[in-house]
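Every chain is named by a letter (A, B, C, D and E) in the order it is written, and numbering of its residues begins at 1.
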Amino acid sequence: MMEPGLYHILFLSTALFFTGVYGFFSRRNLITILMSIELMLNSVCLNFIAFNKYVWPGKLDGVFMTLFIIAIAAAEAALAIAIIINLYRSHQTIDVSSGEEMKY
Amino acid sequence: MSGSTIIFYLLALITLGSAMLAVSSRQIFRSAIFLLFSLIGIAGLYFWLQYEFIAAVQIVVYAGGITVLIIFSIFLTAKSGESLPKQKPARLIFSALSVFCGAALVMLQIAGHSFPVFSGDAILPTVGNIGKQMLSTEQGGYALPFEVISMLLLAAMIGCIVIAMRSKPLLK
Amino acid sequence: MPDLIYILTIPLLPLVVFLLLGIAGRNSFNKTGGYIGTLSMLVSTVLSLQLAYGYFFHWGKVNGVYQHFIPYKLTWLDFSEGLSIDLGILLDPITVMMLVVVSFISLMVHVYSLAYMKGEERFGVYYAFLSLFTFSMLGLVLSSNIFQIYMFWELVGVSSFLLIGFYYQKSSAVAAAKKAFIVTRFADLGMLIGILIIAFQAKTLDFTLLIERLGTPGSEWIQQAVQAGFLGWPVISWGLLLVFVGGAGKSAMFPLHIWLPDAMEGPTPVSALIHAATMVVAGVFLVARLFPVYTFSAPGVLEFIAYVGVFSALFAAIIACTQTDIKRVLAYSTMSQIGFMMFALGVSGYGGEEGLGFTASQFHLFTHAIFKALLFLCAGVVIHHVHSNELDAMGGLRKDLPVTHICFLLACLAISGIPPFAGFFSKEEILLAAYEKNKIVFALALFTSALTAFYMFRLYFKIFWFKAFSHHGHHKEGSPVLLIPLCILAVGSISTGFIPFGNFVSGDGKPVHTSLQINFSIAPVLLGLVGILAAAFIYKRERSGGNSTSVIYMITKRKFYIDEVYLFITKKIIFNGIGKPAAWFDKNVVDGLVNFSGTITEKIARSIKKLQSGKVQQYTMLYLAGIIVITLAMLYFFNRI
Amino acid sequence: MNLWLLMFIPLITGIAILAASGSKTIKWISFAGASVQLLTAVVLAWLFWGLKSSGITDDFVFQSDLQWFPAWNIGLHFGVDGISVAMILLTAVVVLAAVLLSWNIESMTKEFFFLLILLSAGAYGFFLSLDLFTLFFFLEVAVIPKYLLIGIWGSGNKTYSANKLALMLMGGSALILVGILTMYFQFPPGNRSFDLIYLSEHPLLPDVQMILFPLIFVGFGIFTAIFPFHTWVPDGHSSAPTAGSMFLAGISMKLGGYGCLRVATFLMPEAAQQYSTAIVVLAAIAILYGAFATMMQTDLKYINAYSSVSHCGFVLLGIGLMTKTAITGAVFQMVSHGLMTALFFGVIGMVYERTHTRRVAEMGGLMKSIPFISAIMFIAGLCSLGLPGLSGFPAEMTVFMGGWQRTETIYRAATIAGCLSIVVTAVYILRAIGSTVMGPLRNEEYLKFGDAAWNEKLAALILVGGIVLMGIAPMLLYKLVEPATENIITNIGGK
Amino acid sequence: MLDFFIYMKSELMVTLIIFVLLIIKLGKGLSNEKLLSLTQVLLLINVIIAALWNNEGSLFGDMFVTNKLIGIQKTILSLGVYLVSLSFPGWCRKSEHLTEFMVLLLSSLLGMYFLISSGNILMLFLAIELSTLPVAALANFDLDKKKSAEAAMKMILSSAFSTAMFLFGTSFLYGATGTIAFSALSVSTSMNGLQLMAFVFLFSSFAFKLSVVPFHLWTADVYEGSPIPVTAFLSVISKAAFSFILVTILYKVLLPLETAWYWLIITLSVTTMLIGNLFALRQANIRRFLAFSSIAQVGFILAGISGGGLTGQTSVTYFILVYLFSNLAAFGVAGVLNDQAGIDDIEGLKGLRQSNPFLAWMMALALFSLAGIPPTAGFFGKIFLLASGASKGPIWFILIAALNMVVSLYYYLKIIRVMFMEKPLLESAAIATDRQVKFSLIICAAGILFAGVFSWVYEFIYRQ
């Protein structure tokens, strides 16, 4: 096998990203959907770090992006969980199909 | 094959494998645990890349914060041992298909692109460097985003409080 | 030549009366309207007579030729270089003659109507319409421009419509009015297109110029006009033919005659004025007006006119023999007589002895106007008396209506061509002209002339003889106002034949020598007498005509089913064949397409509503699909550069 | 004369209507506004005449150019030539009559009159504008009020009709919009302009014209009921309230004709020549087809509406024939049809107010009960069938005369088709009149009707006055219009 | 230092308001009525501040940039928020969490300020999140309504998804160019496979916020479920801000990709108009209807954007102003009806002209403006967008766009018809309209009527 490098990490993160996307599309539980989003964001972070490390180490842009993404991910997750809990209270379920009342 | 290589593949395997398990497990609690493994795996990759500060943040915020939050919310909303309802097979197939297409597309583009080779001085992602830039208002400083995100967190907090702390019972 | 601007007052007086009575006739002048109208008509008539006198005897003739005068001309509407509608006055012999005829007959009818229409609810309106008609007819004969003639032509048509439909609550009257208007309008369509063609060929609408360009032998305009062809005929011939179609419509030539008998629904004086003496001869006037053009540009058309004329004359005469409505008989006789005038023009040449037909035609027009008006006015008295138009309701009226009887008889003699009455002279000239030019026409005309005598006297006998009168003995004949016009016209019927008409009216303005040829006259007069005798013999018994079952009689009685043919064409072909499909097409196809575009949009909108499924995962899947598709497209289109 | 005056009067009237209260006051304000506008229009015509006879040879006079959107080089460029003056006069007359005939509107009076005045303002602006953008703006101003007029105060299947009308007209204006925008961007930056005069001096490339001409012509053509986009006309007219129909048929359809002439033909002469056969054929179809379709109608308003399709075909025919005479005829026909159809719709409205039916079969013998109205209806009908002495005659004859100057068979055929329609017109008009005004009295109730009230009389007389004036003295209009058509013809290089 | 205050005056002011509100909340608190008035006053001041002293400059090493046009855009946003605060007093009075509501609303506004002033992808990202997350929370503010919870769920999930996509694209852009600063990006981007792909991912996020088809699907559901002020805010202010930044991104940052994005934009423009119109045709709920109509409007905005250059920029900004007046007027009326009569469906508008002429005419005016009927400003807005599009676009594009205007007219007229031409269902009594709402509606009406005909509004924006 090859020496691991940029492309390996990029492929890994892409795979991770789309794993998250798959989870987003296929899960029915809202919390698992949220988990999938975390996976996607993580893969992006990995991307930024990898680029920063292998291609553009002259500045720390990637690092800062990662840091802020992590912070935002936390805030987003918190808010999403609050909304999910509220939904659970009103619908007594966190199945995503509970939220299909408005359509067409 | 050097040790570093082995470690990378190991970490990659852990990350991706547990991620896949996390999105496919029928037990929601197990999903959460696999997610935790996956996040830790990524932290391991950061270590492997020698971005220790980021790795630390990853472990603290994700593994320590978000995963715990998620697990709590699982407890709040459902029984942990209960297996999740099955998704329709059509949905699974379409998801897989679209995801496969997307991944293939992106990977082909990555493979087809040659990134430039950096020549120059690298800035090491030490805590000191990061901290200095984070609070700098000059060119290359990140003071403003720092302030902005504080407002964002404030807003998110207020939102969470209002939504999660509902006092009145539901009318209907 | 005196200042002729005063001629304008001749047509304008009736116009003023029309406006006055039309606006206020219903209220203020309902009673007095008749007198106002009559008075103004009197003035017009006097002026016309004075003009005629001046023209024919004083200043009209220069170097032995009657001249064209244009004392007044106003550009009414410009079209383009050279083409404009002018409102003008063109004075020449036929104009002056027609002016006299129109104003004089109109005056007679005005006077007669004073008594005849008395007590009508819309008395004032009646006079307004009458004045409108007179104005239009005077304008028509004075026209100096072919488009001007068309304008007044239309106005005449509409006043005829108004007068036929005067009893607007009678459905039959309304139908007749509509029929008259539409049939003549259809003919006018021909005239309009004809005018367009002529205007294009001659580059003018002015009569004087037109005749100069297209009515002068050997002019280059004619050569040009004759060259361009359409369907094997020179364009100019088509144009003139179409103009004649317009004339044929107004003059009730076959097959455009169908409106005339129905038009008798109007008040009888109106029939006398419009449908006997003046309007119906407008076609003859029109052909006469353009006579040089016909002669030199399209002699073929002239021949055609001759055949149409003589056929119409014969055709109408045959039908007239079987009709039982007094006015319809007169209407067919009118048609027949106009046929005479028409074919007289058709067989005429231009100038000299050749031009006898022209003169004869105009002469007959003149005399016919007088005796036919007389016939109608008499018929009016009769109808007034018996309250019916049907011949069956009449008979033996000669005691009741002595004056009318005499007048009617005189008129019948005149129309039958019995010397020395007016009709004899004019008809004789026509026959002579036909004899010299075309033997077939002459033969038919001779026969028709005999037939004329027959049916006229059939009428005469049926009305005034052979029946004991019982039921209407108590009526008096009517007021003198009713009878005076009869007498005047009767005098006219006797005397006008002696006017040396050829001296005054001819195609080229030079006098035509019209001597009576006794040996030629024997045949027609004898035939006329035979007709009279036959009528007397056949109709002396009451309820004659018992052979009403024979096929020929039936066909004739039903006027050769021409009406039915028309009905078929209009109802079945135009209404059901064109109108209905057009309306259907509009409602279903054109409108349907519009509505369809609406429904199809709604359908599409409904069919894609599933996109908005309410499932957030599906939304995001579409999101990703969108990204993938767009990326692929972008890569396909832009990455190759 | 400052042409802004013509815009200000409706504006002030509109504001006054909004500010006023009480339906009587509103009506009088509208009446006053419309009358003053008519006076102003007459003064305009007078001054225009004076200017022309003093030897001014400018194509457009009384110009005033105000920057509106300098960024786009859009100006409020006003100016008139003879055609605009004629159209403005027409509009003023019809609006005044429409106001008078709306005297019985009692529901939502304020809105009604405001919309009416707004419509008229749109029409005035349209006729005054020499800037395509402004022209388009005013054209659209005059669409939606019609929708409301029909939808709110209309009768019958009104929502359908109103929708159809609004959508088709807006569709037309969408085409126009595309046309003028594309035209604008044909020029390099800095030289772009919507100005009509500028554009006429800098003609487009023939290729571009060939694309844009159909867009603009059909766009305006929809307003003039070009076949097959005429179906809004019958429904729209018949559902509209009296004043609405009057405005629609009297003025709105003229916007299209004016636009076809002023924008399409004037600015794109080469394409106009190329397409003239198509236009003429479509116009001939509209004329005959409209006339035949009219024959089958049983509702008075439908009769007049379909006849409008037919009559407006003459406008398009005249424009398509592209000879000076024919174009003059088209303008004549616009004026004539405007007056005549407004009168007809006005009369139908009067009749409908009394009989509460518009079906021909249900009426009869109205002459007995309402002689004045019947007489007016008669006059309107006679004008429609082109009786000399009324306005229809010179208009149609001028078109025919102009048409015959084109020697190609297809033009001749179209002209003959036009001629043919006058017979069909006679058929349906007499049918309509014969069975409403004449004929036996259908209903004894009809005898109780009151004849026209003062407002109805005044409105009818104003319109009849216009019709008769044009009918007996067409030279007045001809003198007004001729220099303008001459100018158009020189520009498009026709005969 | 003075520069700092002047350049960031709006941001500082909004932050100040946020803190004032929070401090009051921490103290005794105020009645909703007073709080509302206070906020309104502060927001009015904010509008004024935003309108004045606009200048060109940048701060924090080009992370924050501002210029006169951005100043105007901020003023427009501030005005919008001020009008929103005026328009829904009924809802606000009933709300238990008015302070929080206002704070979140203002946070989002703050995010939008940063958004249009951002000079760097990180700032862009943070601003997007700052402007979106509070709104997601706000969507849930009708705490006792199921629909509200559903709307918030849909919003947070789909916006998180779009954020992920945005970041994914950004990461590759960063990888390919090595920078996240706009100024550097504008010279170092180039047309190659990876960057095009990255651009699509990045663009999809804007498209999502602007609800461009096919990224629009969340819009209607969220609009329907959210509290009505939030819907108004989302449909007007959020759209406005994202349109502004999209213009900047496309014109300034991604200029090297212009040929690519030009075709993308006009294709999406056409699709968006079509789909938006087709869906709007058959909506029964007022807010869903307005959602789809606003999607169609976005199609037109894209048409304007495609024109590029000064005209594109100006016409988009101008249209947004007009759109703000029109849509807020519509939402204002919808809010009153919803609040006072519980009307949510178009059917409920039946005969509104008879019961509430003022509201009916306001709604009509708003709809006419949205439909682009002269003499409302909407006409000018639409025409200038189309004209901008026509400056480069092929004729079929303009033709489709123009015909779409006609289709959209159909459904706007449908509402007009319901209000004006149908009989009221019941003898619905006149609905009391708050004075604030009236004021707001009148401002909107004045805007609708005068912002077009008086051309200096457009010229003013143009000359910046």
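What we mean here is this: contacts are C-beta pairs under 8 Å (C-beta built on N, C-alpha and C of every residue); 3 or more make two chains touch, one makes a residue touch a chain.
Keep in mind it's a predicted model, so treat the numbers as computed, not measured.
Ranked by how close its mean Cα position lies to the mean of all protein Cα atoms, the top chain is D. Ranking every chain by how far its Cα centroid lies from the centroid of chain B, the top place goes to C. The mean-CA centres of chain C and chain D are about 36 angstrom from one another, to the nearest whole unit. Taking the mean of the C-alpha atoms as each chain's centre, chain B and chain C sit 102 Å apart. If each chain is reduced to the centroid of its CA atoms, chain B and chain D end up 70 Å from each other. Chain D and chain E have centres, each the mean of its CA atoms, that are 42 Å apart. Contact with two or more other chains is made by residues 10, 17, 20-21, 24-26, 33-34, 50-51, 55-56, 58-59, 64, 68, 72, 75-76, 79, 82-84, 86, 90, 99, 101-103 of chain A. Residues of chain C in contact with two or more other chains: 609, 612, 614, 616-617, 620-621, 624-625, 627, 631, 635.
Not a single residue position of chain D touches two or more of the other chains. Pairwise, the chains that make contact are A-B, A-C, A-E, B-C, B-E, C-D, C-E, D-E. Interface of chain A with chain E (complex): residues 10, 17, 20, 24, 30, 33-34, 37, 40-41, 43-44, 47-48, 50-51, 55-56, 58-59, 61-62, 64-65, 68-69, 72, 75-76, 79-80, 82-84, 86-87, 90-91, 98-99, 101-103.
Here chain E touches chain C in the complex through residues 153-154, 157-158, 161-162, 165, 191-193, 196-197, 199-201, 204, 208, 214-215, 217-218, 220-221, 259-260, 263-264, 275, 278-279, 281-282, 407, 410, going by the rule given at the top. Per the touch definition, chain A reaches chain B in the complex via residues 1, 3-4, 6-12, 14-23, 25-29, 31-32, 34-36, 38-39, 42, 45-46, 49-60, 63-64, 66-68, 70-79, 81-86, 88-90, 94-95.
Across the interface of their complex, chain A is touched by residues 121-122, 125-126, 129, 133, 136-137, 140, 143, 146-147, 149-154, 156-157, 160-161, 163-164, 167-168, 170-172, 174-175, 178-180, 220-221, 224-225, 288 of chain E.
Those residues of chain C that touch chain A in the complex are listed here as 609-610, 612-617, 620-621, 624.
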